[in-house]
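Take a look at this one; I'll ask things after.
The letters A, B, C, D and E name the chains in turn, as written, and every chain counts its residues from 1.
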Amino acid sequence: MLNYFKEIFVGIKSLLIGMKVTAFYGTKKTITAHYPFEKIPITPNFRGHIDLVVTKKGYHKCISCGMCERACPSGCITIEAVKPEGAKKKKLTGYTLDFTKCSLCGNCVETCPTSAIKYSNDYYLVGTSRHDFHFDLLARAMKAAEEMGIEWTEPVEKPKEPTEPQAEGGESPAPAGA
Amino acid sequence: MDITFSSDLSAYVAIADVTFIAFIAMTLAGGLVAILAKQLIHAVLGLIISLIGVAGLYAFLGNYFIASMQILIYVGAVSISMVFAVMLARPPEEVKQKSMRLATKIALGVIVGLFTAATVGSAVFAHRWSAAAKVTSGDTPVEIGIGLLTRNVLAFELISLVLLIAIIGSVVIAKRGRGTGKTVGGEEL
Amino acid sequence: MIQPTFFGNIEVYLLVALILLSFGLYGLISRPGLISMLISVELILNGAGLNFMAFNTFTAPDKTEGATFTLFVMGLAAAEAAITLSIAVAIYRRFRLITADNLSGMKD
Amino acid sequence: MQIQSPNILLIVVAAVVMVLYVFTNSAVLVWVERKVSAHIQRRPGPFEVGPFGLLQTAIDGLKLMAKQLIIPAKADKRIFMLAPVLSFVPPIAALLTVPFGKVVQVQNLDIGILFILSLAALNVLAILIAGWSSANKYSLFGAVRSVAQNIAYEIPLLLSLLTAVLWMGTLNLGELVDAQGGFWFVFTPFGFIAFVIYFVTGMAETNRAPFDLPEAESELTAGFHTEYSGMGFGLFFLGEYTNMILVSAIATSLFLGGYNLPFITLNGEGILWELIRVLIFLAKAYFLIFVMIWMRWTFPRVRFDQLLNLCWKVLIPFSLVNLAAAAIWIKAVGG
Amino acid sequence: MIQKPDPTQETLVLNMGPQHPSTHGVLRVVLHCDGEYVLDAEPVIGYGHRMHELIGEVRDHRGFYANVGRMDYGGALSFGHGHILAVERMLPDLEVPERAEYLRVITTELNRVASHLLWFGAFLLDLGAFTPILYSFDDREAILDLLEHVTGARLTFSYMRVGGVAADVDKDWCDGVIAFVKRMRERVPMYHKLVTGNIIFRKRVEDVGHITRDMALKYGCTGPVIRGSGIPYDVRRSEPYSIYPELDFEIPTSERCDCMGRYNVRWEEIEQSLRIIEQAITKLPEGPVMADKVPKVIKAKGEVYQAVEAARGSLGYYIACDGTTSPYRMKIRVPSYSNLSILKELTRGILLSDLVAVMGSFDLVIPEIDR
């Protein structure tokens, strides 16, 4: 009998304590960010999709070795490169990333021998079709260079080699990109 | 007893008449649904409509207390337990009866119903009902309550006894009908 | 002074009560199910209650008697409904059917 | 028998006003509920549409009206459509007898409290046939729960109201309020216990958390209104909020002195006094609703058998003893 | 497999799921109900099956690593930890720097706290309380902020690497972790006030879902489920790995054996994880976070079984290699699978509401079962 009343008393008390907690937080400031108006600052370490690094000279560092392509478990990287007649190195003509398949493991970035790719900070990615996420990274790099105010210049090969026509190399990838 | 109104209330009386007819229509239509519906749940809903109509008639008779009790007890308790039983028992479609027997039954029902209606009706309408000589008390809940606990106290106690027995009995019946010693998880359900 | 066409007449109430009674009788005889029969009984009881109230209002010298009896009828109806429904549920549990005709085997 | 005042026109006008009030009330209450719950959960709640998001509910209502009404193929269509209306109309009719002020009361019935209770009994019927006609097992479970719950909580609810009726000696809501005056019934020990019991059972009556068993989202998805879309669901929603205001209005009139301040009886004449009284009444009623919302967003849901246990083993004994004690007190001391 | 309903019995077959608010994913439970009583509950799994084990046999070890976090979205780091430890055991020459191992433990324990907070919110949501999940997510967000800062992601971290971890931390981050531990310890009493003491909550979870010791052992339950039945089995102590032997922490158990026991154990575990984090962060040695000589291509031979203690229990990777770059056979033993299989026996004759509570107390993550 005593237990019966004790339980009622303890129960009511516990309910009141719970209500006190919610009342306490009810009077405090809200902690949410109102998304379209406010944005939470994103950590610089954020791992977005990959991007080609734009050097100070205004070019990428990719040597078209294909390590990233092989390291990628999902096969989302496609590299197109040509070896111009007489040139020593391959020249990158297309670097496409199929972000719909990417699992953000980071293997490509870590295997790259020249650190030519990095994670982008592209947090607010939206698109209306899956084709919006087929990125042409070369075009993106050119655009990034433009935004940074650096002229996209292909480095001149060693002078003894006969040079290929310059203008074509830079513009070969499709202008429409991300 | 005659109910009269001052003549400037004619519109009010007309509206009241229309409402009254509406209540009668509810009562009768609900009753028809209750006895004719194929699905049992429709029959119960018809009964509920009929009961609400009767409650309206009680209100027209000037006794709001009984009207309220009608809704509270009949609609709130009896009908709901009926719907509940229908849901629990999930009775089969009633048309599965042999059509031959059903037809006889319907004919029998019509005959008995009409016969009763005719005999009782003739008796009712042959008599000219007149008001009682004098009114000794009102019809407020207070009066009814005093009546229940003084003049009708025996009936009142009997009714409460009957209700108690009904509750206990229904619990016992419904519990015993439940399965044949079916156990789940070591305890009998 | 005017008189209402309908609701001031005891005959209207009595007629409605009578129709309810005959509806109930018809249902009680023609319907096979236990719950349908219960519904019909409720209709009959309502007819009775309406009669009580009509007489109470129009002709009774004591205005509480009819109301008291109607209350009693309601109480009885509730008790009866409780019992009938529990029987119906119990029978359904055992025999899987609740038609009154087929209950002759309920002797064990 | 002579009928005196033909106030049928008044009733019609008042009914229209009441329907409008019910709609605005629901809109405001939905907004309040969302705001309160949001702030308890440390988020802002609706704030985009209109000032402080006040028009959010209006927009939501518009959306509900524009939505397609889906009736399940196996549903009993007529009953399916009837149920939301049945859950929505009776509380409005019951509100007609609530004394918001001395004059602002559409119809003062001698048996006002009984009338309200009889209409409130239809609520469970609406839930029952909604759940049954949906042809959905979850809905059926919700409906069955609703009935069993109803049987359990109606008894302590009636007993606690009976205590108040016994104390004041009338069923008339206006007289109940006047009988209390400034000394609210809740100030007496009997009144306090009855009030607590009434409040708990009232929350069960409105099917709100922690007693939202018929709709129990995490168990029965949405219980009895799983299959309702568009305005069918909207009407259930309106019915729920109307029931809330009804329950708290009864609590206000029977236990919290209606439109009277504590220890001060407001008897002034005139429009201004009446306005003050209505405001006091509404303030009390909405405070109770606020507490209901606050509780909803704090507590977990009780289990089904626990609610029955609570009602049968705690609330009914307490309310019975309370009623008996109040009766003895009245007989011994004289009220 | 699934019992056919017997028409002569009064049972109602209720399909709870695959879409149901309290199955936490695409789990279907076929319930045979007598009224509200559950006579039989048969979990049907496989709606979200993605063949993770087969993917592990097709991809190389590094390539598969990104997938393991996807199995358990709540505690992705423990899954990664187990996989990396298993792969590293097949490379005997590999010397993993101590700092990397400490970082793995710190992040994993942080992730465990986050996972338990997620469970706490979801469990209370199952019981019908809406507010606690937002409070617990407030704390969980703080953890995710910390983890995002070091791993770069908020849910599927992919932080660890064969031979170390992907990124180093700085002093600020360590201070942030210590600040978080302090903050979390201040918040815990609030949770207990709001939920643990609440009479409704207690009535809902006490003496519900009683798992005896024998039952727990028979079904191979692990994690808080077995510890809630009073058996102090924790892989971190019984099969020590990583740096756990150097750390001082206890294995919380509860003799209650019911949902309340499992609830209490999880809260105790949060405390113990905070202790581990605190110790590890003070002991955190200087040095590199990646081993010097990590083979570019991992070609291992032999088989290995590595178990770790994930947030939901013992998680094991069995990897058999035949000398090629990808495993010959990969088998993952996930905790939720064993914990779920007890459901059928446990829920016989309990109420529908209790079933929801019991399933909530298991902390099921369905992608882990349907891996």
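Throughout what follows, a residue touches a chain if its C-beta (ideal position, glycine included) is under 8 Å from a C-beta of that chain, and two chains touch if they have at least 3 such contacts.
Just so you know, these numbers come straight off a predicted model, no measurement behind them.
Among the pairs A-D and B-D, the greater number of C-beta contacts is found at B-D.
Of all chains shown, D has the CA centroid lying nearest to the centroid of every protein CA atom. Among the remaining chains, A is positioned farthest from chain D, on the basis of C-alpha centroids. For the pair chain C and chain D, the distance between C-alpha centroids works out to 32 Å. For the pair chain A and chain B, the distance between C-alpha centroids works out to 74 Å. Computed centre separation for the pair chain B/chain C is 5 angstrom, with centres defined by C-alpha atoms.
We define each chain's centre as the mean of its Cα atoms; on that basis chain C and chain E are separated by 63 Å. In chain C, the positions touching at least two other chains are 93.
Across the assembly, chain E contributes residues 10, 131, 135, 138, 194-195, 198, 200 that each touch 2 or more other chains. In chain B, the residues that reach two or more other chains under the touch definition are 1, 3-5, 9, 16, 62, 65, 69, 77, 84, 88, 179. For chain C in complex with chain B, the touching residues are 1-8, 10-16, 18-33, 35-36, 38-40, 42-43, 46, 49-50, 53-54, 56-65, 67-68, 70-72, 74-83, 85-94, 97-99. Across the interface of their complex, chain E is touched by residues 7, 10-12, 14-15, 17-18, 20-22, 25, 31, 43, 45-47, 71-73, 103-107, 110-111, 119 of chain A.
Chain D contributes residues 1-3, 6, 8, 76, 79, 82, 109-111, 114-115, 117-119, 121-122, 124-125, 128-129, 132-133, 140, 143-144, 147, 150, 154, 171 to its touches with chain B in the complex. Listing the residues of chain A that touch chain D in their complex gives 8, 15, 18-19, 21-23, 25-32, 34. The residues of chain B lying in touch with chain D in their complex are 1, 3-5, 9, 11-12, 15-16, 39, 41-42, 45, 48, 62, 64-65, 68-69, 71-72, 75-77, 79-80, 83-84, 87-88, 140-141.
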